[in-house]
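In the two complexes below, subunit A is the common chain; its partner is subunit B in one and subunit C in the other.
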Partner chain A sequence: MPEFLQHLANAVILGGTYALLGIGLTLIFGIMRVVNFTHGELYTFGAYMAFMLAGMFGLNFFASLALAALLGMALGALIEFALLRPLKGADIDTTMLVMIGAGIAMQAGEQLMWGGVAKSVPNPFPTDPFVLGPVSVGPIRLFVLAVAVVLLVIFYLLLNRTKLGVAMRATFQDPDTAALMGVNNGLMYTLTFAIGSGLAAIAGALLGPIFVVTPTMGDLVALKAFAIVILGGLGNIPGATIGGFVLALVEEFGAGYLSSGYRDAMGFLLIIAVLLVRPQGLFAAKERIG
Partner chain B sequence: MTARLLPWLFVLFMALLPLWMRDQYILYVLTSTGIFIIAAMSLNLLLGYTGQLSLGHVAFFGIGAYTSALLSLGFDLDWGGAEPFVLDPQPVWLAFLGGILMAALFGWLIGRLAFRVRGAYFVIVTISFAQVMRMVALNWVDLTEGPMALNNIPPLSVWVPGEGVLPLYKKEYYYLLVLAMGVLGYVVIQRLVCSRVGRALIALRENESLARSVGINVTRYLVVATVISAGMAGASGALYTHYIRIVDPDVFMFIYTVTMVIMVITGGKGTLAGPVVGGLLFGFLPEVLREVARPEVQWIIYGAVMIVIVFFLPQGIVPAVTKLFAGKKKRAQRAARTPTTPRITEGASS
Partner chain C sequence: MVKKNAFATVATMALMVSGGAMAQDTVKIGVNQPLTGAVAASGNYVTNGARIAEEVLNAKGGVLGKKVALVIEDNKSNPKEAVAAAEKLIVRDKVPVMMGAWSSTLTLAVMPKLVEYSVPMVVETSSSGKITTSGNPWVFRIAPTSAMEAKAFGEKMDQFSPPIKKADFLAVNNDFGRGASDEFRKMLEGKGIKVGVVETMAPEATDLSAQLANIKQSGGDTLFVTTGVEQITLVLKQAAEQRLPQRIITTGGSSSPDQLVAQAGEAANNSYHILFFAPWFPDKATNPDVAKAFVDAWKQKGYDFAGLTEGFRGYDGIMTIAEAVKGAGKAEPQAIRDALWTTKVSGVNGNIAFTKEGPSGKESGQNQPNIYIVQVKDGKVTLP
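And now, the complex of A and B:
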């Protein structure tokens, strides 16, 4: 039982960041119909920015996180502007190939700039864990969970309570009608990509101090983000949030009780299983995908 | 006529190459390029002719490689029973065939599973599949040795008149074997594409609903294409593993799939010559770039080339060149037909 609670705590903490990653990816797919293969690299970029700002320039840790997110948004906006805007109206395979190319170039760029040696992001939290009965949790992990939850709430408020959110959802449902209502579609696309990228970057910056930062850290994360998004149904934002936590639970308990070596395979087995039973994702109502 | 002869002249040239090419390194590069061209041709069958972007293609390559390696080395497997299952080393060609069959079997499984969905879903399922395979290769240490890799894999052998069966340690022979396999693969795909199956595949690529409406069993044809494509990818994986004689879980890396995809789209997806042209280009590009650029810069160039190709040459090199020549021919014909007619320019009459 104590083991169970510890796994549960770990899963919830990991799930917060997974949800951030999943939301970013599903938002971009839902609104822009682009499968974003640069997502993992934006995650890596965020982690490296946190490392550079906090580790190399000695900037305040919290300021570094915020700046990493903003820089991630800026990079996302740049990618959208330079690569996706000219391809407007192209089919999904075309944009996917361009995104794969951009992802490869970005990863090689990270390797070139920071080398292959793993870096760690310094953080001001004490290393002694909080102990609550049978569960012990490092302070930095609690902080990560708190930030993830706050960001999720902000994101939902943004999407549901602001004019910008309404415009984004309108573009999601029907870009042409939204344009007729005076929504600037191009601006929405750039903003969507920027927000999705910013969420990936902050996820990377948050996990940087917990894990180590390497140029290839984004590969597996990108694939997991895809798994999360499939779990929830492509373009389904609440689905991606729940999907993030589901994946974390499956991984954590799978690694704990089945086999730790297959930890990273759990997500993929899960989506293969999901597609067998419910191809439209766990939480999607109805969508034609065949 | 020349267009018909061109591929055969190319094959003849490549076959005669070892006679005067003494540089072992170039032969090595050509051989591994040839192996990847076979893999790219198999991917082209799916990506080019059915329009399905499979980003897990390296899984079939790796399954072929591992199966063939394990069968030729022999293995013992503790399956939970009293006695472990022991397999003695098998002849290499039997192992090779086993690799193809195993890859084709997985192709059938994945085809049945993944074609329930299309587009982005399909892409992600195929990536996931390759990733699971990599995890299995890493973690099933009893069978695959995990990250320690399978070593000392025997090379393929061939029967030489007067000398009996020889293992192909010499680079020239292996090069010729890969060339022969490449030609075989090319012919298989050519036959297939020109057959009823091929027309069905192209029909469903162009318009799936319409294809369905004229009675094409879409899923069945897609599965057939995947099985053939997977088997061929398995063959190239087996060729690869018996050539470099070691195989580790990195054979399943996403970047290999990306390399195949780049070869196909650069050369021209849905054309027979496309993967060959793209494959030669991207087989030699790293060798040329190696002199001037670091590996990271090379990858940046790869990524950039991919973007540039999609932007400016979305059909690939082969269709662009064909079009260029067709255009020239047409212009030449037109010029020949009306040699003396003066050009009438609009608005010139007064």
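And now, the complex of A and C:
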């Protein structure tokens, strides 16, 4: 029983960051129909920016996080502008190949720039955990969960309560009609890609201090982000949020009670099971994709 | 496509011609290491050590009157790439001998190619028992097996106070990790010590909270951790977060304690590490002058001090190969293999020599290396 509560606490904290990763990716797919293979690299980029700003330049930790997110958005906008815009109208295979190439190039660039030795991001949180009965949680993990929840709420409000959100959703549903209503589709695409990238970058910047920063840290994360998105239904934003928490719960309890060596396989077994029963994902989008 | 193929053929021919020309005045040694990917840090350290050996050898006039030339290939921390790298080294670069391939999984993947092409390989890091017991007569290992490491550790175990009464394990889920936790478990059980939880983790896993939560509940007093330095950093940080009561001991010699101190900070304090070279105390080595000279050369090159605990493997490996080439009198695979059996080197780790292991008729070579146990105390590496 005591370890049950600890597993639960771990899963909820992990779920928050999974959700951040998932919505960033699903947003881009939902609106732009682009399978973003640079998502994991933007996560890595965010972590390295946090390392550079807080670790090398000695900037305030919280300011570094915000700046890392902004830089991630800028890089996302650049990718959209330089790679995706010229490919408008190209078939999905071409776009996918370009994005895979961009992902590989980004990872190689990180390796070249920072080397293979892992980096660690300094943070102002004490290592001494909060202890509540059998559960002990590092203060930085609580901070990460809080930021993730705040970002999820902000993102939800942005999409559902603002004019920009309406314009984005309109572009998602029917770009042509949205354009006729005066929505600048091109701008929406750039913004969407930038916001999705910013979410990946902030997830990396948040988790960098908990884990270590390496050029390949994005590989597994990208795979998980895809898993979350498929679990929740492609392009479905609440689905991706719930998918993030579901994946974290399955991984944590699977690792805790079944086999820790196959922790990462648990999530994917779940996805196979879900796809067999509900091919559209747990929370099907109103509009089928494809 | 036709054009591209034609170009590729011409390019390959050009490379082969230039490779052939090079072969006249150098002795080539293939190096197959993970320079990118998950375990890139360690692979680069080993390669740096190999480069120092190359320079030292060439400063003394090379071997057989020729310069030593390392041909370094990146196996990208991936067994498939490790096989491709070995094949490229043998077929295209025509190296008569190789060193590689860091992790047990990478080395095991390469081994069938050694038999296929009849080329010997000196294994500088891998610890899985299978490497020298599977009947591959082209493999010569200077690194200790997990069983040797466990045995040597058992002999030094009395120094722990309070003594180890119940041990738990956390190991990376590959040949290296599982092999080590099996051997240490056997050794401890043989001494009447109880074994609690045995947990594994995927090589690229970052969140180990589930495993640590189980280990915390086991009631053990000592946790043996086997994996590379990146994951050890994560284990130490997360163990501190979860207030793990166990004393942590890392095995495998790839823990780079200085890097742990730099990256895990306070969480690294009071952890113990089994190493095969302790560069802080070169005078404690079997060959203090060799160890000191190597540490000085490493510092002079401006390499990271934290890498020395891995870097020495590359140095010892290349020195062993060079000595075997000298013994063989010619840079040919079969002759080098035969010479390896009688090669004796005063290495950084200790005195290197090979004894036979594995099924008779196709034995592999295995060296008996030294081990050291160090402890991190107040951010400093000490001998406990």
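Here, the second predicted complex is superposed on the first by the 284 of 290 C-alpha atoms of A that agree within 3 Å, B and C clash if a C-alpha of one lies under 4 Å from a C-alpha of the other, contacts with A are read in each partner's own complex, and residues count from 1 in each chain.
As a working rule, a residue touches a chain if its C-beta (ideal position, glycine included) is under 8 Å from a C-beta of that chain, and two chains touch if they have at least 3 such contacts.
Computed from a predicted structure; not experimentally measured.
Enquirer: Quick one: on subunit A, after the overlay, do subunit B and subunit C clash, or do they fit? Just give me the call.
Expert: By the criteria stated at the top, subunit C and subunit B clash after superposition.
Enquirer: Regarding the shared-chain residue A:M217, is it in contact with subunit B (first), subunit C (second), both, or neither?
Expert: After superposing on A, A:M217 lies in contact with subunit C but is clear of subunit B.
Enquirer: By the touch definition at the top of the document, which applies to A:G186: first (subunit B), second (subunit C), both, or neither?
Expert: neither
Enquirer: Now for A:E251: first (subunit B), second (subunit C), both, or neither, which partner does it touch?
Expert: In the superposition, A:E251 contacts subunit C only.
Enquirer: With the two complexes superposed on chain A, say which partner A:D93 touches: subunit B (first), subunit C (second), both, or neither.
Expert: It touches subunit B, and subunit C stays clear.
Enquirer: Just to be sure I read the superposition right, which of the two partners does A:Q111 touch: subunit B = first, subunit C = second, or both, or neither?
Expert: Touch status of A:Q111: both partners.
Enquirer: Touch check for A:R141: first (subunit B), second (subunit C), both, or neither?
Expert: second
Enquirer: So in the superposed three-chain picture, is A:I272 touching just subunit B, just subunit C, both, or none of them (first/second/both/neither)?
Expert: Touch partner of A:I272: subunit B, not subunit C.
Enquirer: Return first, second, both or neither, reflecting whether A:L234 touches subunit B, subunit C, both chains, or no partner chain.
Expert: A:L234: touches subunit B, not subunit C.
Enquirer: Is A:G101 contacted by the first partner subunit B, the second partner subunit C, both or neither?
Expert: first
Enquirer: Where on subunit A do the contacts with subunit B and the contacts with subunit C coincide?
Expert: 108, 111, 219, 259, 261-262, 264
Enquirer: Within their complex, state which residues of subunit A touch subunit C.
Expert: Residues 2-3, 6-7, 10, 14, 108, 111, 115-120, 127, 129, 131, 136-138, 141, 207, 210-212, 214-217, 219-220, 251-253, 255-256, 259-264 of subunit A touch subunit C in their complex.
Enquirer: So in the complex, the part of subunit C that touches subunit A is made up of which residues?
Expert: Touching subunit A from subunit C are residues 35-38, 40-41, 43-44, 77, 173, 199-202, 204-207, 209-211, 213-214, 216-217, 229-230, 233-234, 237-238, 240-243, 259, 262-267, 304.
Enquirer: Residue numbers of subunit B touching subunit A in their complex, please.
Expert: Listed in rising order, the residues of subunit B that touch subunit A are 51, 53, 113-114, 116-121, 123-125, 127-129, 131-132, 135-136, 138-139, 254-255, 258, 261, 265, 294-300, 302-307, 310-311, 314.
Enquirer: Would you mind writing out the residues of subunit A in touch with subunit B in their complex?
Expert: That would be residues 29, 35, 83, 86-87, 92-94, 96-98, 100-109, 111-112, 219, 223, 226-227, 229-230, 234, 259, 261-262, 264-265, 267-269, 271-272, 275-276, 279, 289-290 of subunit A.
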